[in-house]
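Here chain A shows up in two complexes: once beside chain B, once beside chain C.
== the complex of A and B ==
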């Protein structure tokens, strides 16, 4: 074996940059887990933050890494939520962790089936298709009210203890620890995924699908894969909501939920995995705090903060405008492509 | 000589406009073959048809004996035909290191690995390093592609294609927009390609065309106007007329 050249040694280091842990990441997770002991009377809202963070992470996988803009991501959240609630209610899978995995897999199947609709067309098409899928699923859930409880929601769900040992208590202590561990495990998986050749290929597809094809990347296959994975994540997030509240209702599919999710991710920033997590913390804390101050007008403040942050935070602004810039770039190269053909 | 790439009666119409008009052309294995023609002659459309970026209206494309007329762009790359672009088509969020590494991984069939950290396959880093060294990109290997100077981006544009180890390489104006002092880097990298690689060059700059190519096809209005050894085409008064007419119009 010959000795690697100096450039090869540098390359070996440089290529691992994405896989390397930043010190702040340790701080983040230590802070998150210490909340189990330090903030015991906040566990109910922290539970909401945890599943919302996972849901936003799911959107980041497709928006931040593959450039797929979706306004119907609640479709998979909803499927996961109903799946988890139904599995528990009918005693099909009573152990919550197994049921959660099953809920994620069911959402992934729906994600896989609808991913092919997301391959066609540009961003606006995808936006509308994703919106449509969520609406259709919501109406299906409404229609089959024998199964889903319709507009009243799915009542009478009783949750068994996690792993047969940890009961969902009314203060949400175990529920929060459960959600946080699920979030952490799935975050680690996402992090690993995005540091792989597959993750790099996704970024290349997002940056320039034309060239990605020109170096032999099967763009459609990559998009189908990540969309399916993201649907799994969203399904698990929905499952966590259903399990921690022992309830599921039609609003899991609502347009508001998808739109809020986009807001959460945009507040936190796309394409570095922590955006959804940080955005979920900010969004929920603000919602909680502002709802106390001005119960009816809290969305006003969220909107105001969003506008101010975008106008003032120059550095972060680049991240927020990324979907828009991606759209602009893509329209740009399409226009150029047309020009070249002449 | 064996034929590496050929088209038979290739036609592409955009509505009423015929961009490629019944083109039957053969590129021999190991050839250094230039495609020239005035603006709007259909050179880039032809490249887009060959690489599968566009679907032909009619006609066939054969690559090393395989009919690839209906093959996807990525399949054509796997079969050994790779292109570069007239306007840089790079990955703004990736570094040159990652870009070249990705192209190599795809070629080796490791590109879909999702549970292995990128860059941990044996031999990969050395291969990346060799290409980065060759294209003088080693000093910027960890910088985001979007912030690289144009000349470096242009080198990367070609380095990525080379990383795919093409059997047939289509170069669409490789030196376009590159300042004179950096031009020779790109041209020498093309000149250093292995002899068994078929190189098809689209170029406006006649100095580059005559320095590089052994054979020239002239496209005019979407069709093959004339074709022959470089020296013959250079002397052809009709070819001069086509180009002079073009420059007078411009």
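== the complex of A and C ==
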């Protein structure tokens, strides 16, 4: 075995540094879990935030790390949602956690099948194809109304207790804890994955596919893999929605959902995994507030936020996070000399 | 059978007028503009307000719809769109989706959420029969107007100085700039004109497509199909694509109503996979 060269050592250190936990991350997750006890009467909206965060995380995997622009990510969300609801309704897999995994896997299969469609063409083609896939699935769900309930939605779903012990209560206490734990576990997995050489290879593909190919990265294989994984995540998010509400409707495939999701992710920022999570919190709180203010016209304000975000510039809008980050870096004894590594 | 073909052609022609502006803006500035339908909707509402509320004659209103939408397009281009040309596609998508949401909510606020119809003049209602084919007069009018527009556009693009500048700018923007062509100005004009055409299409289409605040969302996919299938390098591509789409949609809804829009989306995906540059485009070099 040969001694690694200095460059190789540096690279290895860089990879390790990426995998290291930042103090702010501990703060974030402690805050998230303390909401179980601190905000007991907000659990219904917190549940929504949790699955939305997971959904946004899934988009971040393909947009922030692989640079695939998708306007049809709701496709996998919808597949997962219907899968979870149908599994429970027909008593195929009654235990929610297993059913959730199954829903995710079904979505992943759909993701794998459609990922090959996403390999060709430029941004616009991908955009159209992803949008088309979501629309086709929506039409399918609409047409097979015997199975899916069509436009009325899938009703009469009863969820068994989680792990046979924790019942979904009407205040959403157990539902929220369940969603948060699922989110946390999948987040850990995503974090680990993105700090691995696989994640770095993906970033290089995003940066320049041609060069990535030239240094021996199998671009297509990476894209297929990450697309499938992201579909799994989205499917699980959809499954969580179906399980916590015991309902699934055509709305899960809608274009608005994909578009809102982009906004969620963009508010939080792409490419560092927390963007979707933070975005989900901001988005839901904003939506809640605006919906009370102007029930019918809140899309206007959502649109306005998007326009302003782009006009002002996304990077400039997100600069507010910088003081927090520098402060955290100063607190972090390990981050010395690394600067803005996070 | 022939009536379906006829309706399909009318529908396709309408789609062409609605979408051709989008195809030029996409080809010229590589701008992904999802908000194109908003300009069409503006045209439709202008027609409805003028005809129903103010009693302006139908013909005048249609021309007004064109100019109002064009004016909105021009202002929007100068004020906002200019800033997003150089940004990544993600920003363009976000920006234009934002515009769509705003326009939907604004139309809802101003006009109410229900579907509205314009009163079309007596002379345009009803059918005439030629060789046993029943043809709606209104659809005949649409075919006439849109056909004339398509011919006119083709003429402008191929035979005028502006047209050759435009084609040069679409082919290679940098070289065109180097030759002293003011690409920014050309683009502003084209954008305004394209928006105007969208407004005209929206106005003509209130009868066929229906007009409600969700119009930009509902037809966005259709416009995008026309543009992506037709390619962006000519007028004929989108024209043929719109005709195909129109006929396929009408025929699909008539013969296999159960499948609904399924046919269209599937065809689109297949075409995009088969030829990502569009069905009628030569291989792009950008």
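Miscellaneous remarks
What we mean here is this: the second predicted complex is superposed on the first by the 287 of 342 C-alpha atoms of A that agree within 3 Å, B and C clash if a C-alpha of one lies under 4 Å from a C-alpha of the other, contacts with A are read in each partner's own complex, and residues count from 1 in each chain.
One rule holds for everything that comes next: a contact is a pair of C-beta atoms (placed from the backbone, for glycine too) under 8 Å apart; a residue touches a chain by one contact, two chains touch by 3 or more.
If you're wondering where the values come from, they're calculated on a predicted model, not measured in any experiment.
In the superposition on chain A, contact of A:309 is made with chain C only, not with chain B.
In the superposition on chain A, A:213 makes contact with chain B only, not with chain C. In the superposed model, A:161 lies in contact with neither chain B nor chain C.
When the shared chain is aligned, no partner comes close enough to touch A:40: not chain B, not chain C. Judged by the touch definition given at the top, the superposed model places A:192 against chain B, while chain C stays out of reach. For chain B in complex with chain A, the touching residues are 14, 19, 40, 44-45, 48, 51-54, 72-74, 77-78, 82-83, 85-87, 89-95, 97-99, 101-103, 105-107, 110-120, 125-126, 128-130, 132-133, 138, 141-142, 160-161, 163-164. Residues of chain A that touch chain C in their complex: 63, 69, 71, 117, 120-125, 127-129, 131-133, 135-136, 139-140, 142-143, 255-256, 259, 262-263, 266, 296-300, 302-307, 309-311, 314.
Per the touch definition, chain C reaches chain A in the complex via residues 26, 32, 80, 83-84, 87, 89-95, 97-106, 108-109, 113, 217, 221, 224-225, 228, 258-262, 265-266, 268-269, 272-273, 276. Against chain B, in their complex, chain A makes its touches with residues 4-5, 7-12, 14-19, 192-193, 195-201, 203-204, 206-208, 210-219, 221-222, 225, 271, 329, 333, 336, 340-342.
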